[in-house]
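Input: structures, listed below.
Each of the next two complexes has chain A plus one other chain: chain B in the first, chain C in the second.
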Partner chain A sequence: MATLLASLRSPRGLLTVLVLVLLAVLPLLTQAFDQRYLLSIGTRIVIWAIAAVSLNMILGYGGLVSFGHAVFFGVGGYAVGILSANGLHSGWLQWPVGILAAATWAALVGTLSLRTRGVYFIMITLAFAQLVYYIGAGLEAYGADDGLNISRSRFPGVIDLRDKASFYWLCFVLLCGTLWFCQRFANSRFGFVLRGAKSNDLRMTALGFPVFRYRLAAFTISGAFGGLAGILLANEGAYISPAMMSWIKSGDLIIIVVLGGMGTLFGPLYGAIAFFALEEFLPPLLDLGGKDWGEYWQIVFGPMLILIALYARGGIDSLLGRTEGRRNG
Partner chain B sequence: MAEPLLRTDRLIKRFGGLVATDTVSIDVHPGEIHALIGPNGAGKTTLVGQITGNTVPDSGTIHFAGRDVTRLPTHARVRLGLARSFQITSVLREFTALDNVALAVQAHAGHSFRFLADARHDERLRAPARRGLEAVGLKERADTPAAALSHGEQRQLEIAMALAGDPKLLLLDEPMAGMGAEESLHMIEFLRALRGRRAILLIEHDMDAVFQLADRITVLVYGRAIASGTPDEIRANAEVRQAYLGEEAAGTA
Partner chain C sequence: MEYLLLQILNGVQLGLLMFLLAAGLTLTFGIMDLVNLAHGSLYMMGAYIAWTLIAWTDSFVLGALLTLPATFVLGIVVERVVARRLYARDHLDQVLATFGLILFFNELVRVIWGPAGKSIAVPRFLAHTIEIMPGAPYPAYRFAIIVVGAAVALLLAWLVARTRVGMLIRAGASNRRMIAALGINIELLFSLVFGLGAVFAALAGLMAAPVTSVKIGMGDDILILAFVIIVIGGIGSIKGAFVAAMLVGQIDIIGRAFLPDMLKTFLSPSAAASAAPSISQVLVYVLMAGVLIWRPTGLFGQRN
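Coming up: the complex of A and B.
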């Protein structure tokens, strides 16, 4: 609590609290101003932020560029969708199954991919994600390429996910939980090993750490949270499709993390907000010219990313001032 | 004589046609400083790699602390009490000096599958780490990022990290490399103080340091151990003088 109050004194801390408070009351705002559509953007931002935070656990803290993270959207989402299509609607069943399936898949992929480095690691994680993508696209019983409309998970007497505001708040609480875990995780003994291995894995091995095991555990945990995001995504649109795990989505997740600030706690959240805000508001802004340029919003977005990559290595987080060494590392 | 702490038995390692380690048998006894010297390309690094587990020998065995560790991965050998410093300084640059040593302590404090407690406030790691820094004279630099330490300080930090797990054997790969004269002297004093308490396998180019510190010296030339003995024996050995010391003298003349 004391650290929380202390953090209010820095611009970064102030902004973080502001963002969290705004997100917490978003349904009230969108209702007051009758902007329901904004709530659905907000919901997507929060769900993607959970996925981005989970990717950041291995990409940011572990230094491992996984180019297949959207696969966990798919695994989590399809777990809900397949169970639901077979008449098993209880969220108490669907959600643990989805998270467990994502963690299991992550453990499997990690076992094979973490033996490689650099470009090979990127390619293998991508290949496994594509594999699942094509399995999804081949599931005739579950809509194949077109995807499948599903009914939302049911938590009778607890929460009704069809209510947009309730669902949003659930996502927000889960985001807070994910951030809390990530903060503890990054500064724990485990997090130190993971970050040490990112810095110098030869050294960590020479110190006596079986680095592979720690990376595999991190990959699995990251996959589990990714699966949670997938479960939420499926419930958000009451719809699953292979598109939710396309490599483009994996790329978007990396962009969000890099944009926000790799290896920082709130960077992925800032990244998700910026990403969706730009996707949503750049097109109408460009359309103001009266020439339908909005369609080509990525022509503006692309160079922005290049500028961030060149001049703001730490992403949005680094623009908020220097990190005092102790914060997230 | 007592059982040696470390013993390599007829180690052979080939890289293509080159025999980098040619039937090398050396041993290190508890508490002794055993120096490994030899001209560049003599195969010191390859031999060190096999002892630490980074390189797999083609044949021969390595025994450490009473166990055959020939096929054991690096981290498992470290657990048995084998610690090393690197020829090229290898610290975790983004972490503070204290964090570096605390991580070394952590490596020996059971598994690290602990996800929630803040490691920076864990006195079981921080207190021994602070003592370790103090021992090598880096107490004042505890909160400095390793990247901001001078070269000599980074070498000292490496030693503190290697000592953190209370290892049985210290494998020091050119600890004086790149150090100024005064820093070297300081390091020699520090290592001398360890003699008798800890076994050290010292790979070093600085002949003054080697002859001052070592209880025994093994000379490696073209992958072969051509001589092994006390500093006086090595100094008097004709083959060594010709193959190594003479060459060195000729090189510096």
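Coming up: the complex of A and C.
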């Protein structure tokens, strides 16, 4: 509590508290102003933020450029969808299965791909994601390319996921849990080994740390949280499809993490907010020009990404002062 | 027997198209150390520019020939404006910036050509079948793809192995700082290689157009396949790209052509039909994973 109050004195802390409070009361706000549509954007932001935080654990803290993180959307989502299509609707079953499946897949992919470096690592994570994508696209019984409408997970007597506000709050609580975990993770001995390996893995190996095993553990944990995000995503739309794990989505996740600030705790959350805000508000802004240019918002967003990659690697977080960003630079 | 032969030819045709795409990618990757996700966009731009030029000249051959210099210029522009700023950056920056280029080009196409797909008709003089073997008719256009693709592959092999530019390209792939130190204008070489890669990508895009279709994002998925090919072959190796493209082409076609019948023995026909293309794709990625585990730098990659 004391640290929380102390954090209010810096602009970074103030913004963080402000954002979290705003997110916490979002359903009340959208109801008061009768803007239900904003709640669905808010839900997507929160779910994507969970996935982005999980990607940040390996990308930001570990320096491992995984270009297939959206695969965990798919694994988590398809676990829910396949169980639900076979009449097993209980969330108490679906959710652990989804998370376990994602963690198992992450452990498997990690075992094979963490032996490679650099571009090869990027490509092999991408290839494994594509592999699952095509498996999803080939599952005739579960909608193949077109996807499948599913019924939402059931937690009888606890929560009704069909209620948009309850679902949002559940996602929000899970996001807070993920952030809490990530904070503990990053500042633990484990996290420091991982960050050490990012800056110099030879040195860490020389110091006697089994770098590969640390990375594999981080990759697996990250996959488990990604699976959780996938479970939520499937429940958000009551729909699963291979498109949720296309490589474009993996790219979007990387954008979100970099946009927010790699290797910072709240960066991925800011990134998710900024990403979806741009997607929602850039089109109407462009429409102000008089013509219907809003439809073509990506023609502005694409060059923005190039500029961010070239000149603004610290992301949004670095705009808030250098204390935290530097430590991880 | 005829069926098998036709399918192998289809595999060769796909492999040659993939090789054209992968050749530019492996060169930019090997020489400039650039992960260029936007290479697929050049493939798409090639098809769209060809569509316009073919409609304008009213001739497939003339339109196609004009497309090549046009995309060379486009490649040079992309290299000068964006790509060259990325050579010294880490791979994450490159992924991010070239992903931005993809969004830009997809949207640019929507602005210029509209959201609906286009189709390029098979040129009239090739709109027939030829009998490569008695009783085995094969579309002349697809045969032409094989001929052109093979010719370009040979041309490229000659260019890289026998000419001075090719010597510089090979030298650049193994040590670019050294050849810069030896007084070679490396910026010019980089522009040239990037432009050449753009031409090959565009050629693949425009040749594929009559047998597939010209649409937004057409380069996105095929790009990933091209990456898989250069990773299997070994980054920077033209020979590796060729061998891997042929392998992938055969796996893909054989999978599509023969898996449905094999799967039908234990799946329903519709399930088999929808699973087969997926399985052949999955096989490609399994091949890549296997190669990387066996040889972490690809079949013909440099080991260092």
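Worth pointing out:
Following the convention adopted for this analysis, the second predicted complex is superposed on the first by the 323 of 329 C-alpha atoms of A that agree within 3 Å, B and C clash if a C-alpha of one lies under 4 Å from a C-alpha of the other, contacts with A are read in each partner's own complex, and residues count from 1 in each chain.
We adopt the following convention: contacts are C-beta pairs under 8 Å (C-beta built on N, C-alpha and C of every residue); 3 or more make two chains touch, one makes a residue touch a chain.
Note that the structure is a prediction, hence the values are computed from the model and not measured.
In the three-chain model built by superposing on chain A, chain B and chain C fit together without any clash. More residues of chain A are touched by C (comparison of chain B with chain C). Of the two partner chains, chain C is the only one that A:Ala127 touches; chain B does not reach it. Residue contacts after overlaying the shared chain place A:Phe190 against chain B, while chain C stays out of touching range. Once the two complexes are laid over each other on the shared chain, residue contacts for A:Leu310 go to chain C alone; chain B is not touched. After the superposition on chain A, the angle chain B-chain A-chain C between C-alpha centres rounds to 80°, nearest 10. Contact with chain B, but none with chain C, is seen for A:Arg203 once the two complexes are overlaid on the shared chain. Here's the short version: in the overlay, chain B gets within 12 Å of chain C at its closest Cα pair. Within the complex formed with chain A, the residues of chain B that make contact are 52, 73-76, 78-79, 83-84, 86, 90-96, 99, 102-104, 106-108, 112-120, 122, 125, 145, 161, 165.
Across the interface of their complex, chain C is touched by residues 59, 65, 67, 112, 115-116, 118-120, 122-124, 126-128, 130-131, 134-135, 137-141, 144-145, 247-248, 251, 254-255, 258, 295-299, 301-306, 308-310, 313 of chain A. Residue ranges of chain C in contact with chain A, taken from their complex: 29, 35, 37, 82, 85-86, 89, 91-97, 99-108, 110-111, 220, 224, 227-228, 231, 235, 268, 270-271, 274-279, 281-282, 285-286, 288-289, 292-293, 296-297. Of all residues in chain A, only 181, 184-185, 187-193, 195-196, 199-200, 202-211, 214, 217, 325-326, 329 touch chain B in the complex they form.
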